[in-house]
Amino acid sequence: MPLVRISLMKGKPKGFGRQVGGVVYRSMIDTINVPAKDNFQIITEHDSNSLIYDPAYLDIPRTYGLVIIQITLNEGRSVEMKKVFYKVVADGLHRELGIRKEDVFISLIEVKKENWSFGNGMAQYAG
Amino acid sequence: MPLVRISLMKGKPKGFGRQVGGVVYRSMIDTINVPAKDNFQIITEHDSNSLIYDPAYLDIPRTYGLVIIQITLNEGRSVEMKKVFYKVVADGLHRELGIRKEDVFISLIEVKKENWSFGNGMAQYAG
Amino acid sequence: MPLVRISLMKGKPKGFGRQVGGVVYRSMIDTINVPAKDNFQIITEHDSNSLIYDPAYLDIPRTYGLVIIQITLNEGRSVEMKKVFYKVVADGLHRELGIRKEDVFISLIEVKKENWSFGNGMAQYAG
């Protein structure tokens, strides 16, 4: 159900965005009850004229290595679960791909469970 | 009012994404009370490293022909209307463009009616 | 906190999208209490097959110069604040960049304050 949009700068090795997505996917399974195989992602690459960021907002130093992750998902996760999710994503991206934790930006958009069709023109979560 | 984002794989004929969008637009008019001419869409093409999908989630077999449709629209449509919409989109894409119904993925994001400006710096729906 | 997605047609001078984003950023500070430095934007360029618009919906004449601005931000702004924001963006884009006010399309998506991580795996707004 989550639909994940990942935006990063050009110049990374081929498949790097996909690897970022893999970490996000596994983190969702581990922390916010996303079922296995529920993996749908759109990854885009940008240059410094098309991915804009402030290098110091909230006193967090950001670099060209910034990764913006925006996830549409069902409502209902607690604040505590979201906090754990953010930490696991940043830790995982740092550990597995060498991304600075300061460069991990995450935005969640919550929707109702009837707002998805996974194929065949049906609302699989609507009950 | 709906803002439609369509993501599909590269390699389709020129204008194919636009045709997909046409089916989505007409389905919205026919099923969820979207007014005529209310047609705003952003279409992007991807490769297998930038559009990620699971080929079996919920036992729905998906292929490279996958189309991801994410629509921001006003809140208030009933679950029943959404179900009809999903069906009409999948049926229409299959009938008109030969897209497999299993390959039609839809995500809705609902917002308040004052969250739109259609031009001239005004909130046309805010009353 | 706002994450701004700007979509415009190809053919503009290099950096034009970034200039559009600058006007949006300053308008958010001036009208809807966005703090300074809170500037995160993703800008994409399209052709007439990938950015679709109706040239007359709501009797507003739109052209190839259309700019679609979709902003994810925290909930809680009043209708009145949103109206002022729309006006200031359209006026600013017209005055500074010569964009027709009819060609300024804005969509807002509101989320909870715990739905953001600005880096370091923390939910900076969650309290």
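Letters A, B and C name the chains as they come in the text, with residue numbers starting at 1 for each one.
Just so we're on the same page, a residue touches a chain if its C-beta (ideal position, glycine included) is under 8 Å from a C-beta of that chain, and two chains touch if they have at least 3 such contacts.
Computed from a predicted structure; not experimentally measured.
Peer 1: Under the over-half criterion for shared residue numbers, do copies chain B and chain C use the same patch or different patches to meet?
Peer 2: Chain B and chain C contact each other through largely non-matching residue numbers.
Peer 1: Could you report, rounded to a multiple of 5°, the rotation needed to superpose chain A's C-alpha atoms on chain C?
Peer 2: That rotation is 120 degrees, given to the nearest 5.
Peer 1: Report the inter-chain centroid distance for chain B and chain C in whole angstrom, where each centroid is the mean of the CA atoms.
Peer 2: From the centre of chain B to the centre of chain C is 21 Å.
Peer 1: Two or more other chains in contact with one residue: find those residues in chain C.
Peer 2: 44, 109
Peer 1: If you look only at chain C, which of its residues touch chain B in the complex?
Peer 2: Touching chain B from chain C are residues 7, 44, 46, 49-54, 56-58, 60, 62, 68, 70, 79, 82-83, 86-91, 101-110.
Peer 1: Going by the contact rule set out above, which residues of chain C touch chain A in the complex?
Peer 2: It is residues 3-4, 14-15, 17-18, 21, 35, 37-45, 72, 109, 111-112, 114-124, 126 of chain C that touch chain A.
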